[in-house]
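One structure, as structure tokens, below. Some questions next.
Chain lettering (A, B, C, D and E) follows the sequence in which the chains are written, and residue indices restart at 1 in each chain.
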């Protein structure tokens, strides 16, 4: 029998992997992707509990999360492109100035 | 000497991409290579690299006898060998002051105009194919086949005819050939309607050709364009009218002109030239005189020392021959071809600038270059 | 070929025009405008040729392009001929056509090997590739040409194929002076290829 | 039984692909794994009966957002060799330690919640429509209309912002 | 067990095989129809009238050397055709080829499954197909395919918007996302949606041409411009996968258009009594016939029209089709509310 705890553990593991990616990778695009993984971990939780408690609000929230993720990806990648044009790097360690 | 290879930037710099169109590319009509600098899909700069088909015809002709050179001219513009033959033979005749019989002149007009239709059909087919209309390609080749059959019946060859001789023609018309030619003219007129139905009014075709590669008359003249590309820009220049050769002074025909100087106008000019060619063929067929087909030509062709330049209107433009004879040897001292495709191609970098890749293809098509002639 | 036995000609005949033939207005205008530049005048089978001084070619070109009596707006061809025995071994030939007057004219300039000649691309942009071809084939340098590099031959090519001393078969190991040796060598090479 | 098999297989895939996303040397490979990961997550949603979210996950996430990532990776990737996974660095150790700590903490919470299960949440909301899509739609356009409109505004702003940022200054 | 596993499995096998066979014969059909349009004969050598040509083609593609270009990203290079092929096949899961039939004493429905987000499923699955194209262009390590794949992805994403908007107006009419539900609602409303949503129908068809990279929108594969498109560097079986995926997508678009706009398996005028003799022909035949009309249209258009240019294609998509689709959607909604 699969309980919500299973889903919780899965989501947790996914979240941790994403977090590890954010912390260890220096390529900002991969960092962004790791953040997407973490958002997905949250979504799994929301949907799993929504199914458990028979309340669809969790799914509605998951949709909002996806919308926010889309916005985040668009703006984040836009910033990245603008940055790359000026500095020719995607290394997060070199992105250390508030302006250039 | 500056290096021809442009500086290759990083593959995906945020601004420019250098890309080689050709020499192996389906739309470069042979082995043309265009080095394009792209900003996205837009052409920032273009460099045309030619010479892949250079066979040294000019050099080779300096060690061939005068009569042998006719078949070298076949291989210049190999889709319109007959006009090249006419150009060369007339140049030598001018040099030697040989009088060509009127019947031969008329026959030359007929063959030249048939050849013009064949060449324009090839242009139409490949040009349409380059813009994605592949049915027109096959239709055009279907009609070209009829012309090739006519030529085959006349001289036995379908592509490299060797169909002229210094002083006239190798043979008279085969029996009932004239009827077949007139029949072809009748068929061709109907087929022209068919092509125009598929292209001229087609919205996509208009969008692809109108306003693409615009060049005004003055600039076209300065860049050395000739033939339909020049007339498409509205310049009234046709060697057949300006410096009549063969029997063109006895023919009545119009010189179709464009207005805007864009790809569409060049297309329209050539489409009109089909009709004018048919008109000329009909007139020539009607007025063809009886008589010999070969003038008084010495056994040994050995022109006097001197230089001569003679131009004719090939389907591609002004095809000129500049020949120097030293009067002593059996072959020309210097044999120079003024290839219309070469000079027209020169305008390509100017035309493509600021357009998209797809237009590059359309523009190569609209200039109608044959690499055999460009590279010689 | 017969060429080998006959002494190479020292230059084109350039027959002068018959005295009773009126000189076309374009040439007369040129004679009037810059009398020093014209070295000779020639008429042959209906073609007029002006031989001009190498150094004056750009001025002549500009005059011919702009003067109202000339207005040669089409530069049909730029080519050259090679006359090795002559000190100024090359003729650079410009074939011009005027759409307003409907007449042709050839302009010729004599150039010695190694001497540059002014490019006429500023007058007729059409001369760009044509001059490149002349450079490629004869090695005549055009000063002021925007982009003078080989056009038909590969960029790393040695020699200039249209020169008379360039062998027809290409840059073999031996020149044409020893055709027999050259033939033997070629045969050996072919046999090596077959093996 | 079938549910358990599906869960374990999908969970394994999700975690496996996630690890690959994070560890792949080439960012393009990362993107590919990310797509596969999201597809598995979508499949997981289907097993949970959330078909609409699953479809949105595939359509928006896999079909939209990740394409954007792929574009950007291709735009900026080629010039420099892909950066390697630097596990040995001080940074990385710190990061892994932090991730481990979060994992332990979350696991503790999970175990605790397992031991003392929360009271069953409010009973199923009664909605006037049936079917997952209809119900989600109903909620979105009634109770959550304002957040929905705010989200759409956010997307619009993000779109304009992205265009302004990515446009070449000429 | 039979109901749960065996029958769906059998259905999947039948549908997949029929699809792949259909795809190969679609290629032959295309070659034949275009040949006739161009006063040629088309393939005539393999079998009578060339009917075995697809078999020969398949043999050839399978036996050909499968080249991976030097310095290509091998892993992605192999994955790309698969990513292109799989979505094209997976879509068939929800396409209703017909209603129920009696077979071996069982009531069997002529679709693999009917999920209540069927249309959304189609849209989302096909949106994944773009990866195959982008990754193929990227991994070939060649400039022309890269250019083509960028073109292709921009094109697919742009036209997806217009298509999806037309689908929404159909959903407004039917009130359901289920493919079977859409067909039955056309039956109950007694009209094909092509007649009450003509704008959506036309936009869908044009968008479908663009989505499947067909003429006049075949820019990603314009060999005259891009030497072959994103699959330039592919050969052998991997090329065949791209090829199959393209034609499978054409069949998908035709099937979806049939389902959405031409009443799926319904006979013409489903509620006109005196035409009930048309019911003799089974529903799946009607479905195939209608899809065939679409396939023929696809080929016909290709034989007739020149190709759009990239900027014109984008302009058509963004400035004509999308506004039109939005206007149609709003109009549909207003009319629907007004009538309700």
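Here is the rule we use: a residue touches a chain if its C-beta (ideal position, glycine included) is under 8 Å from a C-beta of that chain, and two chains touch if they have at least 3 such contacts.
Since the model is a prediction, treat every value here as computed from it, not as a measurement.
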{"item": "Chains in simultaneous contact with chain B and chain C", "value": "none"}
{"item": "Most distant chain from chain A by Cα centroid", "value": "C"}
{"item": "Two chains sharing the most C-beta contacts", "value": "A-D"}
{"item": "Identity of the chain that, by mean CA position, is farthest from chain E", "value": "C"}
{"item": "Between chain D and chain A, distance of the C-alpha-averaged centres to the nearest whole Å", "value": "6"}
{"item": "Inter-centroid spacing, chain B versus chain A (mean Cα positions, whole Å)", "value": "63"}
{"item": "Inter-chain centre distance, chain C versus chain D - centres from mean C-alpha coordinates, in Å", "value": "73"}
{"item": "Whole-Å separation of chain centres (CA-atom averages), chain B against chain E", "value": "44"}
{"item": "Chain D residues counted as touching two or more neighbouring chains", "value": "52, 56, 64, 74-76, 79, 132, 168"}
{"item": "Chain C: positions in contact with at least two other chains", "value": "none"}
{"item": "Interface hub residues of chain E, defined as touching at least two other chains", "value": "none"}
{"item": "Partner chain E, residues of chain D touching it in the complex", "value": "26, 28-29, 32, 35, 39, 51-52, 54-56, 58-59, 62-64, 67, 70-71, 74, 131-133"}
{"item": "Residue ranges of chain D in contact with chain A within the complex", "value": "3-4, 7, 11, 14-15, 18-19, 21-22, 24, 27, 30-31, 34, 37-38, 41, 44-45, 48-50, 52-53, 56-57, 60-61, 64-66, 68-69, 72-73, 75-76, 79-80, 82-83, 85-87, 89, 91-92, 94-96, 98-100, 102-103, 106-107, 110, 113-114, 120-125, 127, 132, 135-136, 139-140, 143-144, 147-148, 151-152, 154-155, 157-159, 161-166, 168"}
{"item": "Partner chain C, residues of chain B touching it in the complex", "value": "1-4, 50-51, 54, 56, 58-60, 62-63, 94-95, 97, 221-224, 226, 235-237, 242-243, 305-309, 311, 318, 320, 322, 324, 326-331, 333-334, 336, 338, 342-343, 345-346, 375-376"}
{"item": "Residue ranges of chain B in contact with chain E within the complex", "value": "11, 17, 19, 24-27, 41, 128-135, 138-139, 142, 198-199, 202, 204-205, 207-208, 356-361"}
{"item": "Complex interface listing, chain E residues touching chain D", "value": "73, 75-76, 79, 115-117, 120-121, 123-125, 127-128, 130-131, 134-135, 138-139, 146, 153, 157, 160, 177"}
